[in-house]
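Here it is, the structure in full.
All chains are identified by letter, namely A, B, C, D, E and F, in their written order; residue positions are counted from 1 within each chain.
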Amino acid sequence: MSRVDGRENNELRKVEIIPNYLMHAEGSVLISIGNTKVICTASIEERVPPFMRGGGKGWITAEYSMLPRATEKRTMRESTKGKVTGRTMEIQRLIGRTLRSVVDLEKMGERTIWIDCDVIQADGGTRTASITGAFVAMVLALQKLVENKKAKILPVTDYLAAISVGVGEEKMPLLDLNYIEDSNAEVDMNVIMTGSLEMVEIQGTGEEATFSRQQLNALLDLAEEGILYLIEAQKKALGPVIENIRKGENL
Amino acid sequence: MSRVDGRENNELRKVEIIPNYLMHAEGSVLISIGNTKVICTASIEERVPPFMRGGGKGWITAEYSMLPRATEKRTMRESTKGKVTGRTMEIQRLIGRTLRSVVDLEKMGERTIWIDCDVIQADGGTRTASITGAFVAMVLALQKLVENKKAKILPVTDYLAAISVGVGEEKMPLLDLNYIEDSNAEVDMNVIMTGSLEMVEIQGTGEEATFSRQQLNALLDLAEEGILYLIEAQKKALGPVIENIRKGENL
Amino acid sequence: MSRVDGRENNELRKVEIIPNYLMHAEGSVLISIGNTKVICTASIEERVPPFMRGGGKGWITAEYSMLPRATEKRTMRESTKGKVTGRTMEIQRLIGRTLRSVVDLEKMGERTIWIDCDVIQADGGTRTASITGAFVAMVLALQKLVENKKAKILPVTDYLAAISVGVGEEKMPLLDLNYIEDSNAEVDMNVIMTGSLEMVEIQGTGEEATFSRQQLNALLDLAEEGILYLIEAQKKALGPVIENIRKGENL
Amino acid sequence: MSRVDGRENNELRKVEIIPNYLMHAEGSVLISIGNTKVICTASIEERVPPFMRGGGKGWITAEYSMLPRATEKRTMRESTKGKVTGRTMEIQRLIGRTLRSVVDLEKMGERTIWIDCDVIQADGGTRTASITGAFVAMVLALQKLVENKKAKILPVTDYLAAISVGVGEEKMPLLDLNYIEDSNAEVDMNVIMTGSLEMVEIQGTGEEATFSRQQLNALLDLAEEGILYLIEAQKKALGPVIENIRKGENL
Amino acid sequence: MSRVDGRENNELRKVEIIPNYLMHAEGSVLISIGNTKVICTASIEERVPPFMRGGGKGWITAEYSMLPRATEKRTMRESTKGKVTGRTMEIQRLIGRTLRSVVDLEKMGERTIWIDCDVIQADGGTRTASITGAFVAMVLALQKLVENKKAKILPVTDYLAAISVGVGEEKMPLLDLNYIEDSNAEVDMNVIMTGSLEMVEIQGTGEEATFSRQQLNALLDLAEEGILYLIEAQKKALGPVIENIRKGENL
Amino acid sequence: MSRVDGRENNELRKVEIIPNYLMHAEGSVLISIGNTKVICTASIEERVPPFMRGGGKGWITAEYSMLPRATEKRTMRESTKGKVTGRTMEIQRLIGRTLRSVVDLEKMGERTIWIDCDVIQADGGTRTASITGAFVAMVLALQKLVENKKAKILPVTDYLAAISVGVGEEKMPLLDLNYIEDSNAEVDMNVIMTGSLEMVEIQGTGEEATFSRQQLNALLDLAEEGILYLIEAQKKALGPVIENIRKGENL
């Protein structure tokens, strides 16, 4: 029994990360995971939010959005609605929180990195693609700080990638769900892990069904496979910068 | 090594659920878990949101709020700010989604249950207390439908309760974190389970640290203990209605 | 001819004021007047709004809200609507204005007291119950200032209570209207008075009819009876603090 | 001891009501009371708000605003702020409510009258000038209904006018306070009365002081004088239409 | 073939500019162009927006609004809608931008002039009437600065007026379109010029048709005629102040 | 004297239009004009706005936005601000209005085309690039209607393109200003023309200076050159569809 697009259960879609995609941002990528395409940028602002001022630590915050026609049916813009949806807020809080977990905020200095993830085409897994791409954009921006002598060391302690897993029909655990699979999944889980396969965040939801401890373990096994593969793609996009990440692992 | 309030690591705070706490709502409780106190109400509206009309199925949606002085420092009202925060949206989406997982929406009929969780005093675990209390309020409201001959059977397929677990200092897994413990926890996880100890949702975050598969398992073991205890408290509050839930388990 | 709940025309509903109802607020009460129940808190903030800074005077401001299911039919939250209704604004302006009239703002020092009145169950008279309860919560908070040596004297110059009166069917003047009476009243008046029975504010509206000078006087006579009774309930809730109010009367 | 502008205590400022001031509105006036100038329009819409549909009754609603430079210091526009202030809401609710008290909503037919009061120059008493002017604009619009055979009779049961009174320095009761007097008043009261001197609404506030029953009576005596004078000015502006109001008094 | 109101193609409607129309504003006019009537005020604020602070230059900004019943059908207030429409924003940006082009912002000093244009009656050409009137109000306010010794010289470099032109039916170019003509125009153009007939801004739109270079020239010829006439009306309203403008022309 | 990027005064930057850039939209392009890059999509909705229902005519409306880091300094999202800026509103009204001028709305049928222009990288001329790209996306979407037999004929009456021109330093007229040139321009003009070089809209502003009739003519000459070149690029992107546009020219 094969998947809608012919993949194996533990097979990722094609992953491509184009670094330095835009001219103005300190760090930027276009990440494609199958038909899901996200522009991720990292912008450095030389101050932190009011509640952190004077603490000597940096901050990382994220915003996420979809172009109206990233989706099959046009979605109304949040600027037109005048408010950001709950789904968007959940996603941007998730992106910011998980990226902060692999950065040494003190070594980064009292500045903010604004992460922007704009989905230009959506086919499932946009939040996990955003995290995976944003990690690369963020490292590129932090590397600029090193190059400009604003930071002594790249303040990144580990890799970070994210992937979706889920329980499809006939109870099969699946890696990297596309939109159709995601819509039909009984259980849907997003897993964010470091390069050492420690979990940073897991969010699992039984949309149509509940799930057992055994199923949870099968999903986490799949996620580990996917994360390792994504980190390889990140390394390829980062090129020589990965040497600096290696140094940061001892922070 | 004991906890700030002298509890054992696997010990819940005192749980109390007062049913029928308010006169107007179809279902209502005041739930206290330690110093955390939440008024949960369930209101029946005889129609569903536009996107569901004519489908013959019911809907359950939730709103969550805190009184300004539920917290140690006064929090500005969201009505005054003119918008609902991302944290509130996450919580109310979670409450609605998990409650729907134990209700047979077709048997419930084309109507909406509005769940309102208003925290009057906060000391950690307000979202899990809200879910645990809201389940009881919801069952009381659905029971009214049975009594008024609007539903033939109580359309509830299982119990539902929620609890927080976390990794405290010195890597100790802890059950039911109060506010101080939650603020210091390295890992924070909310677990929502049914009466049969199937997972409906898990959300685990390494705020200050990452966590391993082994730690995850230790936390889930604690959560199962807590959930079973909370369901006993729910049964006590529901009284004879639990007989109807028993019937629903075969739905 | 008796009233819907059997009371005499000049009879208040049962009044109960539970002081120190919540753990975090500097002052708090749960006030019940019949089935109307309001949680009132007073929070001290050690600064004043921008327009008052440096003037050496304090400020008192109030917010009012209803839980969605305080009412017979669920009311949409103002945070969800994204704006505060005109009715809410009128009430919170009234609460703040009348409380300020019995406080010596200079002796209070340059700080703000935030009053929050959250109606958890409504059966008529929620704004007058809010004022009556908020007075007690405010005094409890101000007393904390005295105890913490932040104020030399309790800066309260008199008691303050509020009651509704109205002209019911057959032109009968009534004290303390419940929801059904309020809905049917031809004239509706809220009277806020001090312990010396001076008026702080009166607001009288002929919803369905106009009213004469003679009727106005009959209503004010009733209101005076009610106010005296409410102040007794406030004194009981305040306990020994009333000694300090007595001193303030000479401010 | 005379007033800042030399008036007697019971003397109104100069009153002028120009009827049919604008070309598009069904009814309109420019009312001047001293330096306070308000454009009042009445617009007829051939439907009622959703909550009244099918009831056969009409509705009257009001909006109030100030030009930014009606005041001594420029006031920010409410459209720019994105929200209507509490003060504005209080005033427009008051205008609508009091006008409805002298109209037979059933005889008016199922349509809405929108009253707009736009203050172009403010010198105290803008809300009472608005009500007094809006009454004339509303009668002119209703008269159009009679002329167009949409109503059989002018559905107005009495005159309606509004005036401010207050307690000034040295405890003097004053009629028709201008801005300076209003700012210094210890007690401020708005009185809305019919042509038969029945009260429709009174709102009295001790901003800086409380007030006694005796003071209340002195203020109401002054208000009655003012109301009678204003109704004469309304009659002059209405011209022959007053004959139709006379007929309506028996409704 | 004559126009709906009998005018010649190159004939303006009756123009009247009443200076010092309101008592509080530093500068104000009521401008009437036919039935279009706009109150324009200029208010001086002794500071500039944050982005200009410390630069030693002044700023001019404008707001535009219509009374709800300025129009044939009542228009909902933007304060009630909670947002300013795109049309309003376009107009107020245009007013501010064009006025700034004839003021020497450095000589004006670090302060802001707020222009408010409130249309009390609309019959086409409200934005051009606003600019023409606002110029006079602005000069009157700047003249106050000279009189109060806050500016050494009137910092106005030229006159500024605005007029609409358009292509009507049968391809006729028309000057100063009223509402009916504007609704039927194939091409609609607003031209803002200085006293030396230099263009400050042109905005031409083929609503129902496109237009050629030749038509553009015919429209600009008409506009020049109208601008010269409007400047005469401005001079009449300004009286002796025009002497100061003459001096500014050499700035 | 050459331009900052070495171009001739009448030289466009490199133009590239990639058709069918996204998988979900009925029509889409990525247009690059120099470093300015805009994703334009056209989405068909099978209904029109309420004010047009039942009229048998179609509607075209546009939305415009910039990614936060399209610009050199990060711009706050309008969804975060909760409102759309005046600049954005002006641009999206312009895009919609000009596209409608070359479409036969009756032949298009009662449906809406939503145009979305999202600037992913900005270097001047984003609004004109948006119009030029949106024309192609719109034609591609309309062509789908023809292919799906929903329209008998491609309802496009002419090409449409837009370009900026301006007066640079030393009074030189320039074609296609990049960001630096635009910031320094004394006069800035956007010209939107059809394939037959008729004007659809011109908007010329003297930001720092005024301009004469002669300068206007020089700018329009340049614009004509640019428009013709852009239409060639549109034809190349449209490929065989241009045959259908040729037929529409006789509509």
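Observations
Assume a residue touches a chain if its C-beta (ideal position, glycine included) is under 8 Å from a C-beta of that chain, and two chains touch if they have at least 3 such contacts.
Because the structure is a prediction, the values reported are computed rather than measured.
Between subunit B and subunit E, the least number of touch steps comes to 3. Using the contact threshold fixed earlier, the set of chains in contact with both subunit A and subunit D is empty. The greatest centre-to-centre gap from subunit C, using C-alpha centroids, is found for F. Centroids built from CA atoms put subunit B at 29 Å from subunit A. Chain centres here are Cα averages; for subunit B and subunit F they lie 52 Å apart. The distance from the centre of subunit A to the centre of subunit F, with each centre set as the mean of the Cα atoms, comes to 34 Å.
Along subunit B, residues 82-84 each make contact with two or more other chains. Within the complex, the subunit A residues that touch subunit F are 22-25, 28, 35, 39, 41, 43, 45, 63, 65, 67-72, 74, 77-84, 88, 114, 116, 118, 120-121. Partner subunit A is touched in their complex by these residues of subunit B: 83-87, 89-90, 92-93, 97, 101, 193-194, 196, 198-207, 209-213, 216-217, 220.
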